[in-house]
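Just below sit the structures, each encoded as structure tokens.
Common to both upcoming complexes is chain A, partnered first by chain B, then by chain C.
Take a look at the complex of A and B:
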């Protein structure tokens, strides 16, 4: 594994420490389990080719890709101003906005979509308010645009969070250089600032795109026939695991294409400067403060206040009708416990892969890194069944125990930790490590004392993202948790199934409140960091 | 960060050790596709009266069926308690269910159990037409489900073609009237531009808030809404005429897995579920139809003797792939 590095260090060769390589390869292999399972199941199916070339499959594939592209574009368009306003300007209450902008991620997409329909449906709550004005029905929100709106609103923080970190890490000396060479502020933004943000935009955009591919909750409630929905119909109605597996493989292929596009976008550039860094200047908004505040308020209203108020409305209405809301404390404790474990484990899994792929790039590290992303694009049910298959038949001693459930979360959500760690690793200068080595420190000591501290912001962001998604995970939780282990997500699922909206709302509100705590801590710490 | 990670992983290792509770002969493990809120009280009562230790995994019926299929010979489950006959049929077809003894089979009438004696129905659920009480009265509704293919219903129908109960109804329609009639019906409804809902709950809600005038659903969802929102809820149930496929009665039922090592407990459980206590529980608490005689049903619920559902063997509803193909060909499903 001797690899020559980019142009600026052609003079010497880097060799990956065997430990890093072995750990990374181990993680890569673990991440491939769902794909192995899908290949096994799909190969039992005599008509894979027919399934994949059916006109309806191809139409669904195109529709799904369009949705993923549209959601990603919208998430980037929302996140750019939101991140800039909260990191680079004198906007009032920046810390508050930063936390509020990150919170929509905590809504499970089925809850988010359900709430959107209840609020904005043809005869929903908003129509009810407008009734006196003669509004009989609102336009349909079902289909492509409804799914687009719901998924965008509840996933844009995937772009926003890494983007904020990148904007904080920007080096003012580059902007100053551009300005001193006569570039306009607009030109500087597009030709100097934006390119530096590319890794963050690409990493966040990739998460949004893959999430959209895998999402079932929103597309089913908003009646958009994406590939994942078709896969679910196969499982649910025909008990046909082979056909579902063929379609899921197709989804995995789309995911790999998205990962490839991301790596192209990211390019080969380095994102740390060799000069002394200068912290970014704060832009004074002046009169622009008001439109900026309108933007912030509207975004928070629609992505946070609206869904939260519908939940509160359901809770109050149900309690009013005498519905009891049982104590869900143990579910809350379980949720916090298992999601924290997942966050910690995902970081441990992501670290070797990130270090290997950033510091020792090559064919193998690329393969491992890309393979790790497929899990995030597959429907949760496919991953859950893959681990049911391997767990029950090859590892019965951990089947349906907490460790296997945590492992399932890692397989599904590690890319979130990976993206964040790799982005911060890219911004650190390997020369610092080399200097420490040169001063006689051992490899591990350098990693612990130099690399790790620089990675911490990225790692805590990654851990937060994994925590926020694991706490709302449903399919793997239902099938792989220890028997009798309920989480807030399973409570919400069970209650909405039975039309007990008050109970569902109580659990969802608790979920949002719990998730708000680590979000606030991480975001505020990042806000203050210099 | 490291200081946080290490104790968390220690906790994980510890929980793995604690979780290793065995699947022994004194424990009954049930995979329940029926929800916890609906069945936990009666399962608890069984555990208390029998002294059996009951462990239940709750989940979606189809997903649990797929799970048992993946687990194969290593399934920890002793009993599969399913929301519909189709999922039980899938496990029966895969050869995963045991033949039940007569002392259990004899408790359920023959139309509510597997022809091959592999599963029994525990409670009945009827297909109904939910209608909006602001716009319609029962007199406005047709006697047959075929009546809804009339153009007068254009833009007024809600349905949930990806829902298992709906698909079981379409299979019933194919069995009763033939594939061509079923196709005609689907095409007729599609010509009326129906609104698609993800499930029964949202369909009933769509009827009540006036998004659609009617929807094809299972009978008991209405009563849960009435419980939560009171009598002002603007939807009610309508049963199509005697023998019409629109009033098909399906079951929620259970079977015992071949891999069980607690067969006696599993049989004891099924017997209890078909006894008067459990049957009365389902009638009172889940608003379903009991499968044994002599149980009083919920007030306001039309007795099956009056509904006169079509005569159909639920084991004949196993051709789900044929139904899915039909739904795809007609464009009801993607």
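Take a look at the complex of A and C:
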């Protein structure tokens, strides 16, 4: 590895050292493996077309897309006022709100779903309170709206965070120009401001849409038959698994289509002005401060305080009843272990691709980079199924072992590590390496003393992000874990399904606490960088 | 009494501790072009933004065409003022084509034809479907001008409109801009920190410093008769020498001349370099210490017997060796300031 890095001396060398190219190409191919194998597996049996054109498949597809659209729309509708209030107004405690609004991301949506069930479902908190009053049925939380609520509440920050950055970067002179040309402040917002926020909305919306399409835990707990749940049931119950493979391929296609739609909305407008920008004016809310505060408090209550309280309530109840929660110790160790392995592996996989694509740009490196990003769009269940089939057919010695599970995580989450290492590699000036060579240092010493220290922040951010997402991943863990290997995610899943709320709450609290550590580090780092 | 078209009375604007615009009164007649010249940070841009309604004054009033638009509790929103503004960074909308940028503030029918006419009038024919970032700086500047004109403004405000351009292009666009404003008989105020630009482009010149208007007048008036020492040293090159003024007669190192002033006693004498002459025969003896050659003229620095140095503007053909001795004489008016 070190040799590879010592080798890039000049940024304008077009011929990459062969080792870098070979490693990068290998990674790119490995990242494509699940998708390619899914296509092969689905087409081996003649039933793909039948499966995909069946009325029930089409209905499931429509249901899934409707859910993704509804969640994305809701996330945007929540994020627009939240981002505006925290960046462009004199709302009290703006800094506090903007941190609190990002925190719901620490709840995986299946924990959110569990919270809904544990609070509002049969045998839930509210029903327990109301039972003495003769109420024995609450409005149904299962189905579309339950899933919609659970996923929206814990994914809207994916839109909010880029939107806030975009709003901060807006140029006041655009608004001023529009006003001086006769547009009202309302008209200015819709004709000038909103179009400039479109890239941020599209990028954030894509993340939410992809999350919803790939979400398995929340829809399953809330019994909404989206594609992921149907695939899982097919896989578990049917003797012939071709159907599950076909559906997994369909789901992957939908996710890739979402990425394609987002890239189409970008257009050719560029959204920055080179000249000094005028920092946006702060809008005085005046009397509107109170409704604005009510909005902020409500959002924090339902996306943060209530879920946390429900978890604590069930944990305390469980402990009072003498339930043991010691089992979560080994699950937590497993979670941390497998996610750390995934983070380390993702970095090792990302490095050659990052170096190849940044330092030796060209058609081949672009292709490899694109291939490496496939996992970003692929839903976990599609990757997991592809690897299950592949392992069962070609590599039984690796099937249901830790390495295959880690590989699934790497395919799915490596793009985050790649993005972070590319970013920091782009910031390192190759001239610093040349300077070090000129000062009499060998390739190895240059890599160790010059390149690596500059790359380290990017690599560690990438590793933290991979750890964070891997520890929350449910479907891939369920399908690929070695027998008897349970993680916090699978514990929450199993306990919720059996209505053992105290057990689920204990695991969920521990998961949230562990996930909060890398989240805090990444957030603090980004704030310092700004 | 007929009122000025744009009229500011005692306008003050503070940002926190700093007073950006301090008790400014300014009148611009209908159809007139006024240049607002001053060093960076003197409050020029803020004054424009107050007139356009993008800022509200803390004190004073502003009226346009006899109707008060700011001050005394009155405030007309910027979009209702019909005041066009050309921004320093142009502020073109990045998501709209050139054509859509220009049409943004238009109302009424026949937009396509009117956009075409504006494109032609600003030399942008054929560029209507481009995006702003696909244009050069000069083209962007003209789109910004066309976009403001398209909205049918009563007053045009231009904030350093030519400052982001290279000198040659700046000169051409300045001429084109002047022609357009003149042909439309538009009342215009433009802000500049470029003296040459302000002197050549405006019918009237206002010098602004530290939030205050120091002097308003015709460019030649302001240049030849600066009201304060600050204006004299800001606008063009100026020499300052000590002198004695009594009963209409000025006594200083360059001789004894008649002058007009209400002052008496010790004064400071301001002489423009072009009001001095260097030749070998008459005047006081000086030594040439330095020379800056500009092509169209040159600026020589000479040392007087007292040790003071003054600058003298010379024809490009003259040639004085550094260290050579010659003599200096006065060849025009001087301006007196209190010592």
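Everything below uses one rule, namely that the second predicted complex is superposed on the first by the 288 of 530 C-alpha atoms of A that agree within 3 Å, B and C clash if a C-alpha of one lies under 4 Å from a C-alpha of the other, contacts with A are read in each partner's own complex, and residues count from 1 in each chain.
In this section, contacts are C-beta pairs under 8 Å (C-beta built on N, C-alpha and C of every residue); 3 or more make two chains touch, one makes a residue touch a chain.
None of these values were measured; they are calculated from a predicted model.
Once the two complexes are overlaid on the shared chain, A:89 sits clear of chain B and of chain C alike.
Of the two partner chains placed by the overlay, only chain B lies in contact with A:402; chain C stays clear of it. Contacts of A:184 after superposition on the shared chain: chain C is touched, whereas chain B is not. By the touch criterion stated above, A:385 is placed in contact with chain B alone, chain C being left untouched. In the superposed model, A:56 lies in contact with chain B only, and not with chain C. In the superposition on chain A, A:192 makes contact with chain C only, not with chain B.
With both structures placed on the common chain, the touch criterion links A:454 to neither chain B nor chain C.
More residues of chain A are touched by B (comparison of chain B with chain C).
In the superposition on chain A, contact is made by A:171 with chain C only, not with chain B.
In the superposition on chain A, A:520 contacts neither chain B nor chain C. Residue ranges of chain A in contact with chain B, taken from their complex: 56, 60, 117, 121-124, 142, 220-221, 223, 225, 229-230, 232-233, 235-241, 317-318, 321, 323, 337, 340-341, 344-345, 347-348, 381, 384-385, 388-389, 392-393, 396-403, 406, 452, 456, 459-460, 463, 475, 478-479, 482-484, 486, 490, 494-503.
Per the touch definition, chain A reaches chain C in the complex via residues 171, 173-174, 176-185, 187, 191-192, 195-196, 198, 267-277. Residues 1-2, 4-5, 8-9, 11-13, 15-16, 19-20, 29, 35-38, 55-60, 62-67, 69-72, 74-76, 86-87, 90, 162, 164, 167, 196, 198-199, 201-202, 204-205, 209-211, 221, 224-225, 227-230, 320-321, 323-324, 328, 333-334 of chain B are the ones touching chain A in the complex.
Listed in rising order, the residues of chain C touching chain A in the complex are 49, 52-54, 77-85, 87-96, 104-105, 107, 131, 133, 147-148, 150-151, 157, 164.
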